[in-house]
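The letters A, B, C and D name the chains in turn, as written, and every chain counts its residues from 1.
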Amino acid sequence: MSDSGPVQTRSSVLTVRRVDAYHAITVVAPQIAERFRSGQFLSVGVGGEHSGMLLRRPFAVHDVKPDYGGTVEFLFAVRGPGTAWLAERRSRDLIDVVGPLGRPFPLPRDPVNCVLVGGGSGAAPLFPLAHALRRRGCRVDFVLGAASADRVFSAISARRVAETATFTTDDGSFGVRGRVTDALDRVVADARSDVIYACGPMPMLGRVAAAAARMDIPAQVAVEEAMACGTGVCMSCVVPVVGEDGITRMARACVDGPVFRGERVRFDDVGTIPFDALGAPGWKARGEDAGGAAEREAG
Amino acid sequence: MSDSGPVQTRSSVLTVRRVDAYHAITVVAPQIAERFRSGQFLSVGVGGEHSGMLLRRPFAVHDVKPDYGGTVEFLFAVRGPGTAWLAERRSRDLIDVVGPLGRPFPLPRDPVNCVLVGGGSGAAPLFPLAHALRRRGCRVDFVLGAASADRVFSAISARRVAETATFTTDDGSFGVRGRVTDALDRVVADARSDVIYACGPMPMLGRVAAAAARMDIPAQVAVEEAMACGTGVCMSCVVPVVGEDGITRMARACVDGPVFRGERVRFDDVGTIPFDALGAPGWKARGEDAGGAAEREAG
Amino acid sequence: MNPDMRVRLAGLELANPVIAAAGCAGTGRELARFYDIARLGALATKSVMLEPRAGRPAPRVAETPSGMLSAIGLQGPGIEVFLQRDLPWLRSRGCTTVASVAGSGADEYAALAARLTAEAGVSMLEVNLSCANPAGHGRDFADDPAEAARVVAAVRGSAEPELPVFAKLAADVPDPVALAGACVDAGADGLSMVNCLRGMAIDPATLRPVVAGGVGGVSGPAIRPIAVGCVYRVRAALPDVPIIGTGGVRTGADALEFLAAGASAVGAGTVNFADPSACVRILRELAELLEERGADRVTDVVGAAHRPLGTVQGR
Amino acid sequence: MNPDMRVRLAGLELANPVIAAAGCAGTGRELARFYDIARLGALATKSVMLEPRAGRPAPRVAETPSGMLSAIGLQGPGIEVFLQRDLPWLRSRGCTTVASVAGSGADEYAALAARLTAEAGVSMLEVNLSCANPAGHGRDFADDPAEAARVVAAVRGSAEPELPVFAKLAADVPDPVALAGACVDAGADGLSMVNCLRGMAIDPATLRPVVAGGVGGVSGPAIRPIAVGCVYRVRAALPDVPIIGTGGVRTGADALEFLAAGASAVGAGTVNFADPSACVRILRELAELLEERGADRVTDVVGAAHRPLGTVQGR
């Protein structure tokens, strides 16, 4: 396990640059680069040893390069003190990085048509995925949504790697005005897509999963939930997920995910404990299920 | 009051340099420079806004210059996380500085002979004092002690400003082997000193005050006690001091001091509440004294 | 337009909700060197006792993660000097003053209240219950609702009816609601919460307690979630009792957290040590946050966080 | 030469004093990806309950100054799955295991103890008393010494005599000594202290509690001085009772603080989230510090901080 598993490194910052409304940090981390598979994420310590900020910050991997034995890049928007601190890093600074974390996107065996749907900075994981799919001869189409033009993520690289790239913005300042799901059906039809990969905010993922179900094609979604550890020990990042046995369990986004099959995530019940979830208040004990349940729950 | 009183500034770091075993930081702080009188100190915020280090760090002012409208310099040894953080500052960084704090050394009206006694980095305040005394035509002699040669403080500048400069080290690696008090008597005799000014660790100050009493000359000592606020509001920095009325009170080193008359500080009782101190356990109420007491206690 | 920052605490109107917390604002003179203390909603005095008191030996403080440990031991000049020297000065500066009182028994608290209630310039009495109860086997009055209630009743009894009496509660109790309820039943017009939590720091080099007294009080941002939790729980149980919320306030956003939890005013203590002009900065930041939300009055946000609270299942 | 790190807890010998604290080490599998968990002094399991439990809705955590707030709600698969799946795996890895138990009544705790005591691979039972007492009007068992004692007695009664039973205490109680004494009198072989303190975080933007459950538990370095104080006070009163000291341990120096205060072993919880290899790092740092002091045995520093403790005058 530990071979393919995550590693903790004090990595030296190679570059810190601005990309549209985002900051991009590239660190030298050969062991992480070599283990990484698309969909996985990093967690980064912020603030330094005597900081009042205790928790690591999770970030998706946006790019992996072979230089210096292997580098990984993550992009982020400054949102609070942790990302503000990261934005102030300079090359040669050392930062504490753990990764790769979580379950990667499953890749199709055959060269099928894939549409990749992303919202805002949540689109980051789609780029290494696109390259992996292309290497397998898959067709890749992008649908990228954002609040406004400056929040649209790496439009250029999207166009470069994909057959087509469709953009939507809430304010119409770039591409189609509206949500990604307003554009999705047409792209799927035109590209004859066989599978949808999506990441971004939960509500968007919910709409994408619904659209996929409606169009009757599989969707793989990478969820985001508040995470204290990122390694599976704290139980903070749970999402209601339906198991193969039809039983709903509170699954950990960090190790059981972040990638789940779209139809398995109960998006409407995110932020709740569904009454029929295993071990929900008033839930009736059923030894067998519990056993099976936990089997998978343990990841 | 507020005119001569302390100010809080976000000061830009001009230089950070090494001086022997110490670091020296010079900040641009015109209002502090203009108000400063020798013996006063600064308090510096460390670690930044989201640091787990809450308390300011107190430092004596080592030098004041007119450039850039007024700069102040403080020297420090890296001792823990706060000073380690300060040692990493670079020019143009902004740091939060409050000063000048505390009561300055009283200066003699007449051009008398003054011997300045310091231990380790505690010697810092003696240098601005020496210049102030020289401006008044006083004779200045130095006695500087330290653990070892590299801890002897600004030997060169001491020699420059003073008539004579005597050095003592515990290990004899520089100057006389032994304590400052082993050299003090001879210096006082040779220089016919009229007054002693001293700062450094409490035990050293105690020995200097005792020597002064023995030689029957006044001593002004600047004490160091753990300080949470440096402004007089927290009551953490207390030292047992005998008032003019002969009553011992727990006086605040930060505002009632740090400079006290040597014979008034009960050095043997530092770190205790003397049984006869005002308000000590079992102390009997005496309205008058209490009144007078507090009058002065309030600073 | 600027939001209306006035708040009412049991009949007492404050110009704004920011109170410099007891024992963290000195005599007022020290902070007055940094700003006009009349700009404070109020200043709470170091707890006043009948007699002068020398307090604990030094060192009295230690830094802890995002907080500090202190063991001052209520050093102070006693009520006589307070009345002769400190109170008149505060009044002369136009500073609304909360007189905090501390004693070793209900009678002593009552005697202090009797002296203070007559004085001009005392706008509120705050009863510091985090004092050792000589009859409590090392416990404080605040550790036992019945003992706390006895002290509060004694103060309420000897103070003029129109002078608000607030009980200052501890946070290291299992049931702040029970403690608060007992104090209110005993006549407290409001609650001030929280005081420091008991704690200790040990020097890893000497392996000895850092502060001379051994056990001290933990304060600062480290305790803020604990304090906010206490305010929230008490507000939920006693929605009509005004609360001064205190514990780890460092910014205007922190103050807003306490107001949302149900505090009508906010005490700022330790932050005054880290930033001598903290109280006026916090007030400015709070006003800005309220303006951003488009709130006309600070009172609009008081208690905003309250929804029926689920039972605590365990952690 | 390296100091001897072995410690004894009520007859149980651990290879070293560093214990991964309950609920912060998952099933063991997660940390095993970063280091060999057989190197731990012991691993305390997430508190096991009779039935599967879904816990609280997300979000379950918030960051607080030098700490965090969490409301997990004891999510877990229940005793059956624990015995089928988790315990055998821990045993197979040679990991000394402390089984933490949680329930909604003394009978439930007793049933868990009866199941676990028979199992190979359970080296100690830790009774998590920070669970809501259905009969306690929202209080936890740990909030009331008598209730805590009833639970401990039930566990002690149904566990084999040679299996050590440790009671895990809360810190937000006025008198940890009274609580500890009650648990020891009820048969606890030792004490584990402390659990999280109750607290809350409110989002200054939404003005709503950040964690879905509202009230949660505060942990991390922020609470360390409070935890060290509890350990010190209990050790002073009950010098012969072994203590697992827990709360905010981040470094070897922090661990040393707890040992000096009187703990025989140290629990590390939240730090595992910030640093997945924290426990082995802390162990290494502690060994280095002991070597620097020239200590032959870690047990040499246990209780080093104890001197007659002055009464707490007040703060």
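Assume a contact is a pair of C-beta atoms (placed from the backbone, for glycine too) under 8 Å apart; a residue touches a chain by one contact, two chains touch by 3 or more.
Quick caveat, the model's predicted, so the values are computed rather than measured.
**Q** Could you pull out the chain whose C-alpha mean position is farthest off from that of chain A?
**A** Result for max centroid distance from chain A is chain B.
**Q** CA centre of chain C versus CA centre of chain D: separation in Å?
**A** That pair's centroid distance is 32 Å.
**Q** Can you check how far apart chain A and chain C are, centre to centre, with Cα atoms defining each centre and the answer in Å?
**A** One centre to the other, that is 46 Å.
**Q** Need the CA-centroid distance for the pair chain A / chain B, whole Å please.
**A** Distance between chain centres, rounded to whole Å: 57 Å.
**Q** Can you pull out the residues of chain B that are in contact with at least two other chains?
**A** Counting only residues that touch two or more other chains, chain B contributes 52-53.
**Q** On chain C, where are the residues touching two or more other chains?
**A** Residues 23, 55-56, 62, 65-67, 70, 72, 220-221.
**Q** In graph terms, with chains as vertices and touches as edges, which category applies: line, ring, star, complete, or other?
**A** Complete.
**Q** Would you tell me which residues of chain D are touching chain A in their complex?
**A** It is residues 23-27, 29-34, 46, 51-63, 65-68, 70, 72, 75-78, 80-81, 84-86, 212, 220-221, 270, 272-277 of chain D that touch chain A.
**Q** Which of the residues in chain B come into contact with chain D in the complex?
**A** Listed in rising order, the residues of chain B that touch chain D are 52.
**Q** Could you pull out which chain A residues touch chain B in their complex?
**A** Contact set of chain A toward chain B: 47, 49-53, 81, 85.
**Q** Residue numbers of chain C touching chain A in their complex, please.
**A** Those residues of chain C that touch chain A are 65-66, 221.
**Q** Where on chain B is chain C touching in the complex?
**A** 1-2, 5-6, 8, 45, 52-56, 96, 98, 225-229, 231-239, 249-250, 255, 270-273, 277-281, 283, 285, 287, 290-291, 293-295, 297-299
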